[in-house]
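Okay, so chain A shows up in both of these, paired with chain B first and chain C after.
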Partner chain A sequence: MTIETELEQILDIRGVNKAFGGLQAVRDVSLTVQRGEIFGIAGPNGSGKSTLFNLITGIPYGPTSGEVHFLGNRIDRWPAHRIARAGLCRTFQKDAEFPELSARETVLISAVYCGVEQRQLRERSDKLLDDLKFAAERRDMKTSELSVYEKKQLMIASALISKPHVLMLDEPASGLTKPEIKALDELLLSINRTGVTILLIEHVLSLLLSLSQRLLVLNHGAIIAAGDPQDVVKQDVVIEAYLGGRSN
Partner chain B sequence: MTEAMIATILSGLVLGSLYAMMASGLSVVWTTLGVFNFAHGALMTLGAYVAWTISEYLGLGLAAGMVAGTLAAALAGIVIERLLVRPFYTNRNMLLITVMTTLAAMIIIEKGTQVIWGPRLKQLPRIADGELFIFGSAISVHEALIVLIAPVTLIALWAFTARTLTGRSLRAAGQNQTAAALIGIHVPHAYGLAYALSAGLAGFTGVLLGSIRFLTPTLGSEPLVKAMTVVILGGLGSLGATAGAAFVIGFLEAFLVLTVGLYWTPSLLFLTMIVVLIFRPNGLFGGRS
Partner chain C sequence: MNRLSIFILPAVLIVLLAVPLFVEDSYIRHLFIVAFMYAVLASNWDLSLGYTGLFNFGHMTFFGVGVYTAAIAAKTLGVDPWLAIPLSGVTAALSALLIAAPVARLKGIYVVLVTFAFSQLVLQLILSQSQITGGGEGMVRLPYLRLGDYSFIRDYKLGYYYVALGMLTLSTLFLTALVSSPFGKSLKAVRDNEDYARARGISITRQRIAVLVLSAIFTGVAGGFYAIYLRVASPEALGFGTMSLTLSMVLIGGVGTIWGPVIAALILIFATEAFAGIRGMEEARFIIIAVAMILVLRLAPGGVLALLNRLTNSTLGR
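Take a look at the complex of A and B:
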């Protein structure tokens, strides 16, 4: 199944597959993402959402077959650091931190490969942390000592400092409280307004529906529904995938 | 007795300084790649022999020899990482495999130095001649300079890893390989740099050691064991912990030589390490378990 758009494509995924031995984790997934949109990806646990992210970013593996094109370049055989430097950045479900580095150091080293001039680095990282409302007094603490929400903020800051074209977020709301989810909602919208395209995997449906302009649902590694988020969540096939049958 | 104690303290200072420099290089590779480089001692030997060739055989002076020895060891470190460590990054038994591959590198370098430089004993000149007397105890100017060079080297190494973006990238690659790649760090290059840095430090230390001891193909074997003891005792962690453990081992060794003699000192040093690890499994100064 394919989801396509006539507008400016920034990311084009063509028939990607990933098999682990006999297990087909992602099967024949094709989609295009247009510049500036927030594109949601949903699906039950184990449906292949994070694996799809892995295939796109090359971390820790690329697709078994199929192609990934980003800004006109085929990137599915590129090493992960090259994909990141090209402007395709992601965060992980779980903390992907440098436990012994401070929050400030983490953002600074994240800027190393994005061409920011050395003398502007500190100023820019401070401004970014300000924009993300990251508490000033906690910026020199070790990352391992930060709260879950602060770690999420830091992951996003690390991705944003390099001015990415596409930001891929894997369940950013997991482990957050309701007020924190609300803050995250506003944060992601504000990031999107700066022109950053966002791919969002999320289990918190309210966040996904509130943010996504288009939604794709995976089950058993394949696309089962795609399109307008409000329409997609009403489809029988989606309800069955989540609940095992139609709810009343 | 006082003179003997002062001599012991001075000896401990010299030993601690050398061990700190050896162990800090070993620690850089451990904290970045999570492997022990068993070729570290052989890289010291290589650095010393190359320095001898430049300084004595070609007559270009110790300073040139020091630079050449350091660079040769760094280059050898890059080759070891590229050929004997990198192919096994993704292997689940990487730690065990790299024990064997770096041991192989050690043997190749040791045998290679014997073939190239022959079995005759050689020695590097000292940085400076003469002796200093401290409360009646003598220490050579060369050894006194080692005591000064060691902290300067360690501070420079700390400043590089803690204060520069490249150094921070090395630490990041060591702490989380996936996250490092995510922010654009070329992790294999970072690992190669860590190896070069560590090996260069080994070569430099080998040059300093080669002015105190005779150059033999196994010059670095015994220091390697001491450096490993230091890194483990320090807690497999920060440079500060490694340096602290180096001076603990240095002073302990000097004190044991004075009290129980040279014969039993190595055994007692190992016994001390084992006892410490029983009560403090993460080493004297904590760190990564």
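Take a look at the complex of A and C:
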């Protein structure tokens, strides 16, 4: 009743696996995420980070074996849209967009199916886009005409409009300039302060280290290190995995 | 689209309302009626094919179900034709629900196969149940529309003209309202990025079922109307000719636009009739349609509507 209530487990992943033919992309990964934290995930290219996100969100597939528990429910057999509606929202590594919809429309349709009331929606989406510093005059343009940074902002806005419990970000900093990364850093922190738990996959190490309270490193689909970010990045296995990853 | 819908389309409706004042020839009126009917078929098909990106090749099944519903209801069961026509919308929607269940979970080419197989199945059903449907001969001399003592066959089809125009107007209002609603936007989202859409709580399965059912309603009504108007129900409704003509309207008009197929239906019906009137060209009209289709797809992939939009935007400024 004392400290346990503060460290509420929100996401509990138990021994998940995913194989593509002979390739074991995710290997017996277990982890728990506490409500309110920023949880970092690192690892060289092809180590299974995105696949792990896919397994958790069911997009496009769930795990071959293992269990995913979210807010006390076992969700690894749920259809993807149900997982999203339950409050587990992700972004994609490759820029995802609805090219023919505007920013406003993208946010709108991301909300209605997650049960946000339509009456206050316009106001709320405008406020959210304001918070994300999304230029007001560009909100009615087709998404296909937006910049890379704006598309990323929009992907985050569309995830946030339904007030998810957990926001999962797959390399949000890739393709961004230094100042944009700094802005992203501040943005993620402010989102986290509103009580949203964040799972963050990132190659930009500075961002991971400044933001995450805990860090997990994958290599060849398996966890090779986990814990305090500053400690983790100093471990030999981690340095080796990164060096080995680079030389390939 | 905006400029087009605000200025030009109401004007088009007024012109169409006035057409019978100037056109007394019952054959020309007949062409308008047929064009209105095809416009309903094509624009509703565009909802599943263009807006949702669902390769539904069973759309004419909904039309066929509508044709036979009205025929059987009006002739065999003695239902008032005024009631039989909307009833066709109901049965068509139900048949869509039937096919939607398996289709909703399939992808790409499998959707084509299953929906096409479904239309063949319904066709076989119609042919085999000849006691009810008249088999290959179809059903003839169906009851016609009347209002009190007034028969709609009189006055050179004047009544039918306005019923068809009313049907097209209702259908188009229904479709435009649908595609501008959040549901309509979500269809484009599903079409353009399924994974992203699912990640935002949209159920692909439910959207597809909804789209098939919604696109079947006015398609069925059009079938019911057509049967009552021509006083005939024949298996040709499900034939390849009807389907390819409707499909060419969707493609020439511009997929995912709703208005495009409506405009294309009017153009194509009159264009093909014009060629049919020229001796030696009777069969050439199919070639003309095919050539038009290829030209549009090559030169203006957005279809006729995109072309019109460009024109109006440049003539109306900006």
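In this section, the second predicted complex is superposed on the first by the 238 of 248 C-alpha atoms of A that agree within 3 Å, B and C clash if a C-alpha of one lies under 4 Å from a C-alpha of the other, contacts with A are read in each partner's own complex, and residues count from 1 in each chain.
Convention: contacts are C-beta pairs under 8 Å (C-beta built on N, C-alpha and C of every residue); 3 or more make two chains touch, one makes a residue touch a chain.
In this text, all values refer to a predicted model and were calculated from it rather than measured experimentally.
Student: Quick check on the superposition: with chain A as the shared anchor, is it clash or fit for chain B versus chain C?
Tutor: Overlaying the two complexes on chain A (C-alpha atoms) leaves chain C and chain B clashing.
Student: For A:166, select first, second, both or neither according to whether it touches chain B, chain C, the two together, or no partner.
Tutor: The answer is neither, since A:166 touches no partner chain.
Student: Could you look at A:241 and tell me whether it touches chain B, chain C, both or neither (first, second, both, neither)?
Tutor: Neither: A:241 stays clear of chain B and chain C.
Student: Tell me the contact category for A:59 with respect to chain B and chain C: first, second, both or neither.
Tutor: A:59 contacts both chain B and chain C.
Student: Which partner chains sit in contact with A:81 here, chain B, chain C, both or neither? Use first/second/both/neither.
Tutor: both
Student: In the overlay, answer first, second, both or neither for which of chain B and chain C A:101 touches.
Tutor: Touch partners of A:101: chain B and chain C.
Student: By the touch definition at the top of the document, which applies to A:196: first (chain B), second (chain C), both, or neither?
Tutor: Touch status of A:196: no partner.
Student: Same chain A residues contacting chain B and chain C, which ones?
Tutor: Residues 57, 59-60, 79-81, 84-85, 89-90, 92, 96-101, 105-106, 108-110, 112-114, 118, 158-159, 162, which sit in both footprints.
Student: Which bits of chain A are touching chain B when the two form their complex?
Tutor: 57, 59-60, 79-81, 84-85, 89-90, 92, 96-101, 105-106, 108-110, 112-114, 118, 121, 158-159, 162
Student: Spell out the part of chain B that touches chain A in their complex, as residue ranges.
Tutor: Residues 165-166, 168-169, 171-172, 175-176, 178-187.
Student: What does chain C use to touch chain A in their complex?
Tutor: That would be residues 182, 185-186, 188-189, 192-193, 195-205 of chain C.
Student: Applying the document's contact rule, which stretches of chain A touch chain C when the two form their complex?
Tutor: Against chain C, the touching part of chain A is residues 57-60, 79-82, 84-85, 89-90, 92, 96-101, 105-106, 108-110, 112-114, 118, 158-159, 162.
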